[in-house]
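Both of the next two complexes hold chain A, though its partner changes from chain B to chain C.
For the complex of A and B:
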């Protein structure tokens, strides 16, 4: 039971020439300022001792470096990302990549609630399971999950694509406006106004490309496409029952 | 908000210190008060550890004397001098009593609380609840938490929402009058008033009007009806309404339960006989290696760990805080 020193461990997939920044002893504001400065001059960064702390790697700018977090991160990691590539070697807490605009965040572990909340662009890849409300109110970009997504994932999504290769919890795609959800494996239930539609050739081509780029295997079970049926777009008194189900 | 954590060690060790460090990492979740439910080692037979708060700190020794008289009146006796610790900057004192008593715990409890200005925080063969206003670091320094050697325990830092900032409203709550059972809670109960009324009508006693205390008394009632810990936790998910994720500890087990949406998070981690859980993963990362695998508790989940299966016999450790 010792506090581990992430600098003395070897981390698979982290190049030896990465420039290291130790998160210990820096508050979130200091840490993010230093990380933003380093990302302007170095292409490859590694963060030691993230210790699952919150608000790490916020507001990284366009064209910034590839940043490896050596261990779990807490809430809101990679928020407002505008182009950096981030890899988390551990889990991520709530609100991973919230409101991100571009770039990629890869989590080699699992995520808690609301990964990719309100994201506008870029890609989030999760190799484990994602918690409830993954992709809530997303307005663009891709979220690719190798495992399951929790209940109410894709809730009120506006645009973008959420892919769950290991199944989904209840109320999948509840009250989504537009956007697409692709899910393989068991689904506990669809949310209000969510409906299954047939995959077309464009979908399949896009998914093959996305999964290959993310290094995720094509699922053994068939993929289903979930979209908004559109009955919540306009109020119709004949459809009042669906409004009561929200 | 509120931040809570629980720990089961492989063998008796510095459980107070480790929980204090873990809880310290969640100060932002609740700076109002901090508490610990710690389990020392196997006691001598018939001995009960009583943790109380004496409201009049300056006259604490005199009040402790009156408590001793009341204990004697119900055929109990103090095993040594009461250990009275003053709160830093406060006007109250926390007091630890060792009592030799074989009768019903409710009788002893009524006798001690019969003395004016004495509030019992816990009674148990092994359980000791230490709670006060302030941060984990402040409360631990004031009341010797770091020196506590034991096998398992809970900790909680509180952001007061449903009731006032106050020592008695702090967590953990003892499942009065059930020896050795304690809970910590993150959330709010929405059917609190109705359940409280029904439980009071059944003769159950509460120290406060805090909604979290209701969970501990509810569990005590379930256990007194002969239900298993797991069964009691499962029933609580349907009987309680609101947002809740709570931890429960007994002399033999630690458990957790969440409402059907589990919006109050809890991260679990276990390796080689050690089990750690916390509202936020960063609490676990304060004391455990980053290679340790963690998982979030799912909605509506109940998990129970048997302390005996994870902890081994103690080596040269003792339970008396110095």
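For the complex of A and C:
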């Protein structure tokens, strides 16, 4: 294996016995093919030199190795994840873990737009900030963000849970169905049909468990729960004034 | 709903006149009824089916079969190839191989009943062609019945995960539909029954309005990355289709081709729907006859015609339509409404139930009510049971066979031993509009409006 930028650094939380794969010199298809092969025979993989390339770690299944990306990743990292555990030691581009069904993706950094887009299950943990439209169209699973989430996060979320411990941008939870958003810190504004509701005991129990499992501290500021009011669920002429302007 | 227009009769002005009363051509009964309906509803009208106005169509073109300068093939005796391969552009392991250049377009479970989906799948498998899931996720019965199933990835991403992606024989990334370009799907609450709600992860009974913008890409550059992701996730086993409504066809087709589509599906404004804001059906997009030639030229300009496959849909209702679409440059056509009509849509049975909807066989566009009298666009178990899967599949199979017989007969009359050899030189237009849109000469002239004469 070539001596490379990421290999000479030490990466906290990456065990020394991890099997290394160098992403340099491989196109996305070759890289994923090699990663899939290695992930089936080893328990622990470390990817050197991801260099923010797109489409890294696509379609990994249950039983695959725990994969550490040693550096930032580009678009759609961990897309279609079906059960693998992935840790990104850097930032992630658009659509991290989109269409994920199971598994866990942890980003020790920040994410760009649309993390967890359409995800159906599993958990995404982001230790930095998450960009706009985080959790858009999500249908299940958890997204836990230590920092802020950008505008229109939770847009049209069907189900699932989005937690932002450092605040949220504008239009939070716009046009949701049955998703739940928990946010601590400043919120620039709620989106169409989003409404604040009281946290109940079940919510608190779930959140304590989720944050503990993700290694995230309970926020100093109070948590707010955002859900859909349901006024956009039906065509009703009495709501025409709401419809007209959204 | 029947048209409120009467006949103009014998009156020198050509304007409608009824017993000495003159109807305003501007504020006619249709327009008055529209306004008064909206004054009641407080919103735009919603309906199913297709548009409510006359537009230039493939019907306005005619073929020039062989006479002296060309030699015809024996229509009733000699063979004509119909095999069609879609999606070989990027060397995927299993391009879609169809026995005929006609397949069943994307229509969702939800818009359609489960047994309508199953019947379409069974008919397509019997023919050797494919069906498409539409936006409602992948229905188990449809997967089982369809030997070749295109899985549609819409902005709403219903049921989309690795498991379902890998069950597909092709992936279609939907960028809109001809019925309502630029607007997401609509499924009234009456049709969001238990199973539909579960497959779409929705509360039961809500009026579902789907997203129109994809959640994780916006333009051609990030779409290129997205399509590559789909190839990686499917191990490049299956082709990637990109479906778009016919609007800015030249530019949109080029962007999809640049982004890496193996197959581009262009859906003309005639493209139908289970439910749409009604005015969008009439006022958006361009006719199929205009879309085909423009799409072909866009690919030719990129040097990709023949490498990127072109599928055309929207109002294709006969073998003649399909043959014309192929002659104008399509590799295949996709049918929706025509297949539903073959299933039984608007059939003169259960007439009392049509009447209860305020309509009659031949006029019904009430897919949006979820009370389809013939069991196709409904989720009501009693209505669904009216559609016998095998009998319905047989009718669709017969209809597609009839379409293909028309196509091959036309091709042979034009001297072609392969339907894909039909070309726009074989066509002339009956109207100036169709000539301009299809880029073929007006019959009896060398004139293509907007272009220099060919000769």
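Following the convention adopted for this analysis, the second predicted complex is superposed on the first by the 241 of 246 C-alpha atoms of A that agree within 3 Å, B and C clash if a C-alpha of one lies under 4 Å from a C-alpha of the other, contacts with A are read in each partner's own complex, and residues count from 1 in each chain.
Note that in this section contacts are C-beta pairs under 8 Å (C-beta built on N, C-alpha and C of every residue); 3 or more make two chains touch, one makes a residue touch a chain.
Computed from a predicted structure; not experimentally measured.
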Item to check | First (chain B), second (chain C), both or neither touched by A:52 | outcome: first
Checklist entry - Comparing chain C with chain B, which touches more residues belonging to chain A? => result C
Item to check | chain B versus chain C as contact partner of A:94, first or second or both or neither | outcome: both
Next on the checklist: Once chain A of both complexes is superposed, is A:220 in touch with chain B (first), chain C (second), both, or neither?
Outcome noted: neither
Item to check | Touched partner set for A:82, first chain B, second chain C, both or neither | outcome: second
Next on the checklist: A:235 in the overlay: touching chain B, chain C, both, or neither? Say first, second, both or neither.
Outcome noted: second
Item to check | Touched partner set for A:41, first chain B, second chain C, both or neither | outcome: neither
Checklist entry - Taking the superposition as given, does A:110 touch the first partner, chain B, the second, chain C, both, or neither? => result first
Next on the checklist: Is A:151 touching anything from chain B or chain C once the two structures are fitted on A? First, second, both or neither.
Outcome noted: first
Checklist entry - Taking the superposition as given, does A:132 touch the first partner, chain B, the second, chain C, both, or neither? => result first
Item to check | Those residues of chain A which chain B touches in one complex and chain C touches in the other | outcome: 54, 74-75, 94, 113
Item to check | chain A contact footprint on chain B (complex, rising order) | outcome: 18, 261-263, 265, 274, 280-282, 284-291, 294-296, 298-299
Next on the checklist: With touch defined as at the start, can you tell me which chain C residues reach chain A in the complex?
Outcome noted: 41-43, 46, 155-157, 159-163, 165, 188-189, 200-203, 206-207, 211, 215-217, 222, 225-226, 228-229, 231-236
Item to check | Of chain A, residues touching chain B in the complex | outcome: 1-4, 6, 9, 51-54, 70-72, 74-75, 90-91, 93-94, 110, 112-113, 131-132, 150-151, 169
Item to check | chain C-facing residues of chain A, complex | outcome: 28-29, 32-33, 54-55, 58-59, 61, 74-76, 79-82, 94-95, 98-101, 113-114, 117-118, 120, 133, 136-137, 139-140, 155-156, 158-159, 177-178, 230, 233-235, 237-238, 240, 243
